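The next part holds the structures, each set out as structure tokens.
The following pair of complexes shares a single chain, subunit A, combined with subunit B in the former and subunit C in the latter.
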Partner chain A sequence: MKRLLPESELARDERFVRSRIEDRVFDPRGPKVAERNTGPAKMATDRPSAGERSRSLMHGIFVGEIQALEGAGRTCYDFDDDQAPFALKLDMARQCWDESRHCEISVKLGDHMGTEIGEYTESTFLYQAACNPDPVLRLTGVNRALEGLAIDVFNTMKEFGESSGDPILTFCEDWMLADEVTHVKMGSDWLRRLTEKDPDRRERALEFQRTVDKLFSLGGFRGESDENPVQLARRFRELAGFTNEESDELAVIAKEAQAEAEAMADAALAASD
Partner chain B sequence: MSTARAAFAPWDRRELPGLFSVEESARRVGHYKWAEMRLFEALGGWVATVPELDVKLVLGRHTYHHAWHAELWHKRLPELREMNPDRLTRPPNDEFVAFVDAVREPEAAELTIEKLVGVYRVLIPRFIAAYTFHLNATSTITDAPTIRSLRFALQDEYDDWRDGEMLLQSLIDSPETVERAARRQAELETLVVRAGGIAGPGSLGDGTDPGPAGAASGDQTA
Partner chain C sequence: MDHQGRVTVRPAEFTLVPFDAAHIAAAVEAAASRVGFPPDVAVELTVDEELFAPLVGSLSDVVDGRAVCWISGGNLEDTRRPRHFSEAQAAVDFALLLLRAGDRLEPGFAGAPPDAGLTLGQRAAWDAWATGRAERLGLAVRRQRTLYDFRLQHGFTDVADRVFERLWSADTLAWVDLVAACAETGAADRPPAKVPVDVLRRAGDD
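On to the complex of A and B.
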């Protein structure tokens, strides 16, 4: 088996439908659909689209968990012992088990919420971040940026479960949230340990994290206003080792990403008139 | 009333003698760690390459089981006087490396049967055998920490073997897949026999084992 498996070779059964995130975000129909929307983008139980949005997000969580599992598994395999310490690989193996459980939970929650595998498409940008050939950059991109996003998503879903009176959703999201805090902490710990004597490498890793964070804030997906479907979970991020300054920086990145998306949407709308 | 009692309760039949010296137990533990590492790496790597969702999730779970076994052995080595665990973390011989390389070789998405046969019909049964021999042969008193870890690991090995065997039985559903599984098993059995097992020749004892380490004679009944 070769090392560094490209995302194009991820193995899936015939139910899965692959799509590119760019195609979805820059779909020319998007601005017109957005024009019809009234009210905040944040998932709220009084919105007619809340059920559909929560099912779509649940499916997104499910495929994200598969890719997180695959990414952690590849980190166990892709590196020699001198590139990735034994203890780091043990952490990644533990993460494999956690992500495997999250896939199981997500499949069952999908059934519970009325969706099924393949109802929505899968974009593999999450796994792409797990393909970085430098283990430090990979850990930073995956465990701090992506698993950090998972904290935000699970907390948003947990709150949605509470507000919609769904104790099963609330219960499951809370358990997964606990695991994600652990994974982010692993990323923060390994970043510090592996770059202790190499500030340049640390800066490259943090820059990679900022890039991934911006990608996952694309189109205003994440932020702190009612216009963001997924809310930044500052309290849980703090438990995972993020400083207030880091959360502030992420909020700025999210705002920039949202402003860029709005400018692009306006331009697309003007061009179509 | 006296509280003086024998150190060993009447039902506690553990005995001092064992076949392994400290060095021999450490040598075997080092081989176990090396093999468990190669196994958990491969299981983790394969997760992305198998399309069957149930197999993917089982491999993810088992990746951790074998990593944890490697960690148990890693921690045991310094307790067996090997202060540099990496020194003994090695394969027993080149033939075993060739065997493990062959187990880890399949990559394509359509080779799930070949991947699972290598792990669940060849490698894990060899772990069960080597661990069981160690458990039965080493001193139940002096090497008790190793025995405790062996028991934890063995329980996982049995459970994982059962999971893998059931997945295989559900995938082997035609004469062609029967032939594929059998051929793959035969190829790998040939290699592992050449290597002598997880700890090399003598993995299961070879019938010429010395008496208990430190014993003056081979008479175990005295």
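On to the complex of A and C.
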């Protein structure tokens, strides 16, 4: 079997449609909408398009779970034991089991909301973070950045379920959230253990995480204001081993990502006038 | 503006998405024919091409005897192929717009406020009834999707589900029936939305 599988070779059936991140970045409607007041982006039942936004996000969670499963699965296989200890692979195998369950739960939540597999496009940038050939950097990208994003997304969806009085969404997200906290904790623990005697490697891994965190903040998708659909879940991040300083740093990174996206939107709008 | 008989579509030319105003006008006419919309009533449709999925929404009013409708471009977009027009989705959304505009032409809906003045619960109840009728007309609607949207405004309760079923199956209703449905589920007791229900349309007027 091939090691280090590129995202272009991920197995999908005909229901899935792949989108490219550049299609979204260069969509001419983006700068126009960025200039408009379309109401708060934070999810709530009295916000415009609440149902459609939650369905779209749920589908994004579903494909994200598939990619998290693939990322953790690849880590079990891609490295020899001298590169990645067997105990780490065992943790990744356990994570695969969790992610598989999350995929099934997400499909059922999609049914509950009235959507279907493949109804929205799939972007594979999450998996791309899981392609790093250095196991420590990969672990940081997957278990701290990607799974950290999962904590923020699940907590946001859980709160949406609570505010809308939806017990199915609330319980499902709460259970998945508990798993994600464990996954991030595993990432934090292994990062510490594998780089105990190699501070340079640890710093490279943390720098890689900062890069991925900025990418995953998606120009304002994640943050701490009503303008951000997904809210930074500081309490659950703390439970997962993030320090307050790390959460503060992530908040700054998310703001930077939003400011950069707004600047790009302004530039694109100016160019189109 | 693009005129096709009694249907007017704005904008006449789309610049951000490859939509065609004449094609849309024909689709609206086909939807009008399918739902039995009165042939002597003019239809004015504004498509906001700046908006994309999931920023969806629509408004359907009757002004001076004309159906005046607004819809987000996101409603008409193929979610599997962003920026591309979805015939199937447009057929459903235009039917829903015209079913509700047709309701407004009936005496039983004389007391209904314009769409921008509806509560979210009233709108969800009206959409449930319209979507149920669209399904019986042979359109490919998704019941579970409408039920979820209804539950968001009326609650995830057995009472709400029973009311939904009644609305979905009804052939004839009046405005008072939709108001009564909101009272029955408790949606009428919810505080008003903090965000104007027509915020997406307002944003286009900025």
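Assume the second predicted complex is superposed on the first by the 268 of 273 C-alpha atoms of A that agree within 3 Å, B and C clash if a C-alpha of one lies under 4 Å from a C-alpha of the other, contacts with A are read in each partner's own complex, and residues count from 1 in each chain.
Basically, contacts are C-beta pairs under 8 Å (C-beta built on N, C-alpha and C of every residue); 3 or more make two chains touch, one makes a residue touch a chain.
From a predicted model like this one, the values you see are computed outputs, not experimental measurements.
In this superposed model built on subunit A, subunit B and subunit C occupy separate space and fit side by side.
Contact with subunit C, but none with subunit B, is seen for A:S56 once the two complexes are overlaid on the shared chain. In the superposition on chain A, A:T121 makes contact with subunit C only, while subunit B stays out of contact range. By the touch criterion defined above, A:E256 lies against neither subunit B nor subunit C after alignment on the C-alpha atoms of chain A. Legend: residue contacts after superposition of the two complexes on their common chain; A:A93 is shown touching subunit B, with no touch to subunit C. Using the contact criterion defined above for the overlaid structures, shared-chain residue A:S19 touches subunit C, although it does not reach subunit B.
In the superposition on chain A, no contact is made by A:D248 with either subunit B or subunit C.
Figure note: vertex subunit A, arms to subunit B and subunit C, all at CA centres after fitting on chain A; angle 120 degrees, rounded to a multiple of 10. Residue contacts after overlaying the shared chain place A:E207 against neither subunit B nor subunit C. Between subunit B and subunit C in the chain A overlay, the least Cα distance found is 19 Å. Once the two complexes are overlaid on chain A, none of the subunit A residues touched by subunit B in the first is touched by subunit C in the second. Interface residues of subunit A facing subunit B in the complex, by the touch rule stated above, are 1-2, 5, 9-13, 66, 69-70, 72-78, 86, 89-90, 92-94, 96-97, 99-101, 103-104, 117, 127.
By the touch criterion stated above, subunit B contacts subunit A in their complex at residues 37, 40-53, 56-61, 63-68, 70-71, 74, 104-107, 109.
In the complex of the two chains, the subunit A residues touching subunit C come out as 17, 19, 23-24, 27-29, 32-33, 36-40, 45-53, 55-56, 111-115, 118-121, 164-168. Those residues of subunit C that touch subunit A in the complex are listed here as 16-17, 49-57, 73-74, 79-83, 120, 142-149, 151-153, 155-157, 193-197, 199-200, 202-204, 206.
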